[in-house]
Every structure is written in C-alpha cells, then in structure tokens.
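Working notes for the structure below.
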C-alpha cells in the first residue's frame, strides 16, 4: 500500500549544532536503509523549505507508523499522511 | 524539473451527468497522452476523495502551466503546486 | 486495515426534496449493506451537524475508495480520511 | 454517551528522556485502566503521527473531562472533542 | 447536559423573500417552543452577524441532534457544537 | 452589555508546579469574586480541554478589558471575544 | 461604545446589474445617513478589495446589530466585529 | 509606491463561454494598457493556477483601488494586497 | 496615506517582569510621541486581548515600516497591515 | 526560471542581540552577493513586518533550494515558495 507523507522539520534550537548534525547523520543513514529495503520509494526535497515529500510502500498503516517513529528526526517533525490508491487514468499498474 | 500537484475536483452540478461524463472521458484521454509522453510521471488517487496527487517532469513552470490548463477538468479544480528537487538522502539520482 | 472517515454532507439545494429523499434512501440502503458485509464497522452521527464519523475495515486504500465512491451522497460530501493502526496502549488486539 | 477525542501529543523537549519515558509509562497504565473500566472504548494510533483517535463511553461531559485531565500527558496535548450520537443508518443499537 | 451551539445562517438566495420569511417565522415558533420546554436555555444574537450563540440543556447528544435537525433553518446553517461541563471555579451548582 | 469570551489556557511549562498552583488559586479566587459581583454571569468548562466559555455582563468593552487583564492567568491565555445582544426569538427579556 | 467592523461584500451574481446598482445606491444613502447621525464614525475602503473597515459609535451591541441589519447589502456580506476600548497609551480621551 | 497583489480568478460558470472569452479579452487589453502606462510593473502567472502575482507602482492606495476595480474580471477575483517598501539589503534603489 | 495595523503582543516570558515593564514604558512613550507627531492617528485596545487596532497616516509604506520597527515591542508582535483609501460613501474628505 | 519566495523571519530570542546582529550582517552580505550574481532579482520589504517578498531567477528548483539554505537566517524563517511563469497578458518578454 502506498502512503504519501509530507514531513516538515522544525530546527531544534535547544540542541547544539553538533547534536543536531549527529541527528541528521543518523536520519540520513536510516532513510537510505529504508530506501534500499524498498519501503521508502520516493523522497523529494520541497524547494526552499526544510521539508520533504515522501512515498512509502508498506504492508499497512502499522508498518508506516513503525517506520515513521524509527526516524531520528520524528520528534522534531510535523507530518501529513495521505493514503493513496490506483488512479483509473494511470497507465502503469 | 519535477512538480507535485494536488488536484481537487469540484463536481460541476450545473452540468448534466452526460456532459460531465464526456468531460471525464476527455480528461482521461489527455492524462494518458501526457503519461505516455513522459510528462505526467506519477498519478495517484487520494483514497476517499475526488482528488489526486500527481508528479510532472517538465522543462519549467511554463510547461507545467500549459499542461495544467490543457486538462478539460482544470476549470473545476483547486490545485496546489509544489516545486520539488533532489533530496540529499535520496539514493537514486 | 482501518480508516476513519469524517463525512460532511452539503445539502444539494438544486435538487427537489423528493430527489434528495430518494438519494438519502439509497444511501441508507448502501450503508446498511456495507455494515452487514463487515466493511463499515462504526457509523456515528456528529451531534448537531449533517455529518458522520465512520470507521472502515478494508483490505487497502483502494477498497476504501471504491466504497466511498459507491455512496450515492459522495458527490455532495466533503471527506477527511485518516489511516489508523494499533495503539501500543490498546488492550484489545 | 459517546465522545470522540483526537489527542495530539507535543513532545516536551524541556523534559529529560527519562522523565518523558516515566510520563508515558504512567499514561499507558492509566489508559489500560480506563479501557478495562469500559470508559475508553476505542483507542487507535493515527499512522505517522504522535496522535490518537479515541472514543469514550461516559455518563456525561463532566466524566469525560475528569478522565481527560487525569491523563499524565494531558498538559502536553492538543485535543479535539466531538459529541457522537446514534446514526439512523447504523444497524447496531 | 449542556451544549453550546454556534449557528451561522446562510441566506438562501434561491428562495423568494416570502418563502424565506415563512421559514423564519416557523423557526421563531420552534425556538420559542424549545425555550418554554426548558431545552434551549440561552439564545443570544451575535452582534453584526446572522448568527447566534445558544446553550441547550438536554439528556444527551442524541436529544441535541433531534432538536437541531427539527429547526426549519437547519439546512441553511453551519454549526459548531461544544460540550460543556461544570467549571471548578463556578459558584453556582 | 453581554460578552461571550472563550479562554484557552496554555500551561506555562517554565513555571514550577508550585508557582502554577499558586496562580490557579488566585485565579479561582478572582473568578469567584467577579461572579459574586454579578459581572461574570456564566462560567462553563469546555469538556476535555483546558478552556472555558464565559459570559460577562459589563457596562462596556472597557470594563470587560479591565476584568480580563485582572485575571492572574491572562498572560497565559488565548481569548476570543464575541459581543452579544438580544435575539428576537428569545422569550426572556 | 466603539466597534470595528470589517465588511466583505460578495457580488450577488444572481441579481441583474440594474438590481445590484439599485442596492448599492440605497446602501450609500443609508451609510451617509448613519454617518451624519454620528453612528458610523469611520468608513475606509480596503484598497484592492470589495471590502471596508468601519468604526461605529453606538450605545451597545444591540444598536450595532440593528444598524448592520438595516444595511441593504447586509445579506451579501461577511462581517467581522471587534469590540474596542480606550488604549492606555492613547493621548486623546 | 509599490503594492504586490495576488489575484485568484474564479471561473464564472453562470456565463457562457463566449461571454467569458469577451471578458478575458477586455481584461487583457486593460492589463496591457496599464503596463504601458507604467502602473502595472510586474505580471506573472502562478504556474498551474488561474491566478497571478502582480506588482503595481502607484501614487497611493487610492490609485491602486481605482486600477483594481477597473479590471473587467475584478468581480470574479479574490485578491490579497501587500504594501511593499525598500529592503535594506536591496542593492538597487 | 492611511494604513490600519493590528498588533498582537506575545508576552515575552523569557524576560523578567521588570524588563518587560521597562519595555512597555518605552513603548508607551514612543506611541505618545508618534501620536503627537500626527503619524499614529488612531489607537484602540481590542477588548479582552493584548492587542490593538491602529491607524497610521504616513507618506508611504516605507515610513510605516520605519515607525513599526521603531516600536520597542515590535520583536514581540504579530502584525497585520491593511492599506486603506477613501470610501465613495464616506461623507468626510 | 522564476520563483517568488515570501520569507517571514522569527526573531531568535535565545540568541544574544550581538549574535543576532552578526547573523543579520552575514545575511545582508549574502543577499547582496546573490543580487549581484543576478540570482536574487527582486527583494522587497513587507511594510510593518519582519518579512520580505523576493523573486529568484534560477536554473531550477535545486538551485533555488541551495540558495535558500545558504542564507544565514534560513533556520529562523518560514517560507512560501511559488513557481512563476510568463503571463499571456504581460507585454515584456
């Protein structure tokens, strides 16, 4: 099942730059791992904002939630989740 | 360049069902044509709503606008346009 | 998979009362059919509004969409869809 | 009487992880106690968000308020409360 | 139980002035009847708007809904419903 | 003149629990004093939220403002103020 | 007592231009009458919008409401009403 | 003085396509006239929407308002007006 | 030229009461100075809120901006700015 | 390609005035550099707010993002990004 998630990251000003950099590095590693696993199928930056548009291909909403809460930056995000399905005019399956 | 567009269609109750069906048929044909041309690269239905999430791959914002206004349902849509770019954590080019 | 859907019905003033009553009767029949089929597992009226809160148990987002668009009042609704999953503090499975 | 409550928890970054973990443990115990008492009749996680959708079966709004303010995470929540009633198309009593 | 309801009336321009006047007269009669019955305990006009703030004293949300949908202007209203309870600083019971 | 005021209190996490308890105790005393004086004529808790709906009977907007800013929790509130007047369908004077 | 009112007029496309012009002429006459009576003390156009910012000096909210509903364009307006009072830093009484 | 105006045009479905085309032609002529006069200094299409971002260089807000209400599509627009001034980091005068 | 500005002040809880009192005293002095200079022509308190409605009479938007940023409380305000012009129904010049 | 960006700066009260002044000085230098490079083609202050309206002329959304994140104040901004294209009524190329 596909879910689109928009994630807006709020810079945690109470962390030191070093702590935030460390968080971002572990976030990047986790994101790459999930992409290689075929779970995080699209990841785009929203131009001009500390935000992304992502599409996840997961078994169900529970797996999506486990993935989202496994992200190191999850406590500093606002998320919007949209359940997607096949469009009758889409030419690919 | 990639743009994400969310389109919400407002049912035009002033049209007869036949007129609306005809509009939808031409919309579907145009959508398929743009997908085959490699311009409309993702088209997903938003579950439970008369709306879609689309990603377009176009030369620039002008081409996106020409495509959008060529859609027969464009006068009955609300659209949100988001310019996308490469995410530093994305593993595909 | 569970989805919560809030449906707000907008009274179609361009229909005659008889036409609207007929729509509501077919809506009721369809709602009962979907409940008996185990798909529409909760249906509550929001007090004081022409709106409901519903929970659907479906295979995936595609089945939810097919159900929603099969409702006779769908063209006169605004909907909000929320994907649900198990809460770690819930005592039932 | 049934009330639907949406609770969005805001991570209290001014607490230490240990303090927050302790809060969450007492929240979980209280939630389970209220479910066993038949007051908190549905508890679902909203996928991808630190939020839940709950349904409470209480004598009146006063009992709902007492329950909500007894939750250890209440000071860190935004809540939306919706009073529910029987839907004429619901097939269960 | 007490509920506060804000009602915003949208002038139905598709009705003739006579039809709308007739609707308002029956609305007034119904409002007075519900006040005399002790159900509609406060009714205030919001200054400068075609809107009111009302407080209802009813057995439960179901009775509130039956009252609201019995109002002749209900199909032309937007409503906000807020469940009230006793405030610990209130000096009256 | 009647004003409805909705007050949403934001828990001041920078205060110690003792400081906040002291604030709430003085708030309660002030609220009771204003009720006994016939100025604060209705005070209801909004179920499930740290918020209230109040109605004040004051000489004018200036008196309302003086009352509101005399509340110890005023610096921690968001308020909405609505000027009320007699409704033509109200049966009490 | 002073009230600020923002009025946004929605062009009534179901009226003929002649009917709408007649409405506007009576609106203008009524506005001038209320200004001469010292009730409508400020009337400014919001640049670029079919909207105005007005300040009324009235006995109470009831008089404001009577004035507003006496305006021929009232059924075609959205209004926002704000109760004003003396500012401690204002140098005029 | 510079003003930025965002104009969102709402397609007037109650007009025939010929009437709407005629309106758009006169709108275009008026827009070109105002650009040649040096009043309408920037005019950009918002990609994917029936909307534009414009900058006007006018004597004052009154001239802006006269220009806006002279546009044939003004009755079918929602507008947002923002007053601009020189930015201290701008390198051009 | 006239501008209406709504200013909502956010209490800076990170300042000591003495620091905040000092800020407010300088704000008051500056407000009085600008009123005596004929620039700040109306200043009203919004009843029940730490907010005001002001009207400024300035040469242009640049002068308005210089005035606003000269206010000691400017860093703690949210502002809304509305450009005003003469209303055709206003009887004063 | 042209993008309009609205930037609202949130004063970082956790920084000392000296630290914030230093940030603003580097921001100004970077803004001037980008203007001289022909990338930041318009920069206007929004009157009365700590905000600006900017237009960037860049190769694509990726270049826009690199520019935005190179701004020293980027972590303290809320941004809105709008993709622009040629308007058919614009008289300049």
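Order of writing sets the chain letters: A, B, C, D, E, F, G, H, I and J. Residues in each chain are counted from 1.
As a convention for this text, a residue touches a chain if its C-beta (ideal position, glycine included) is under 8 Å from a C-beta of that chain, and two chains touch if they have at least 3 such contacts.
Here the structure is a predicted model, which is why all the values come from computation and not from measurement.
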{"item": "Chain labels contacting subunit G and also subunit J", "value": "H, I"}
{"item": "Chain of greatest Cα-centre distance to subunit C", "value": "I"}
{"item": "Chain pair equivalent in interface to G-H, over half of contacts matched, among E-G, F-G or C-D", "value": "E-G"}
{"item": "Whole-Å gap between the CA centroids of subunit A and subunit J", "value": "26"}
{"item": "Intercentroid distance (Cα basis), subunit I paired with subunit C, Å", "value": "49"}
{"item": "Averaged-CA centre spacing for the pair subunit D and subunit B, given as whole angstrom", "value": "39"}
{"item": "Of all residues in subunit I, the ones touching two or more other chains", "value": "2-3, 14, 45-48, 61-62, 64-65, 81-86"}
{"item": "Chains touching one another, given as label pairs in label order", "value": "A-B, A-C, A-D, A-J, B-C, B-H, B-J, C-D, C-E, D-E, D-F, E-F, E-G, F-G, F-I, G-H, G-I, H-I, H-J, I-J"}
{"item": "Subunit C-touching residues of subunit E, taken from the complex the two chains share", "value": "3, 5, 12, 14, 61-62, 64-65, 68, 74-75, 79, 81"}
{"item": "Complex contacts: residues of subunit D adjacent to subunit A", "value": "11, 13-14, 45-50"}
{"item": "Contact set on subunit J toward subunit B in their complex", "value": "1-3, 60-62, 64-65, 81-86"}
{"item": "Subunit A to subunit B touching residues, read off their complex", "value": "2, 4, 27-28, 31-32, 35-36, 42-48, 52-53, 82-92"}
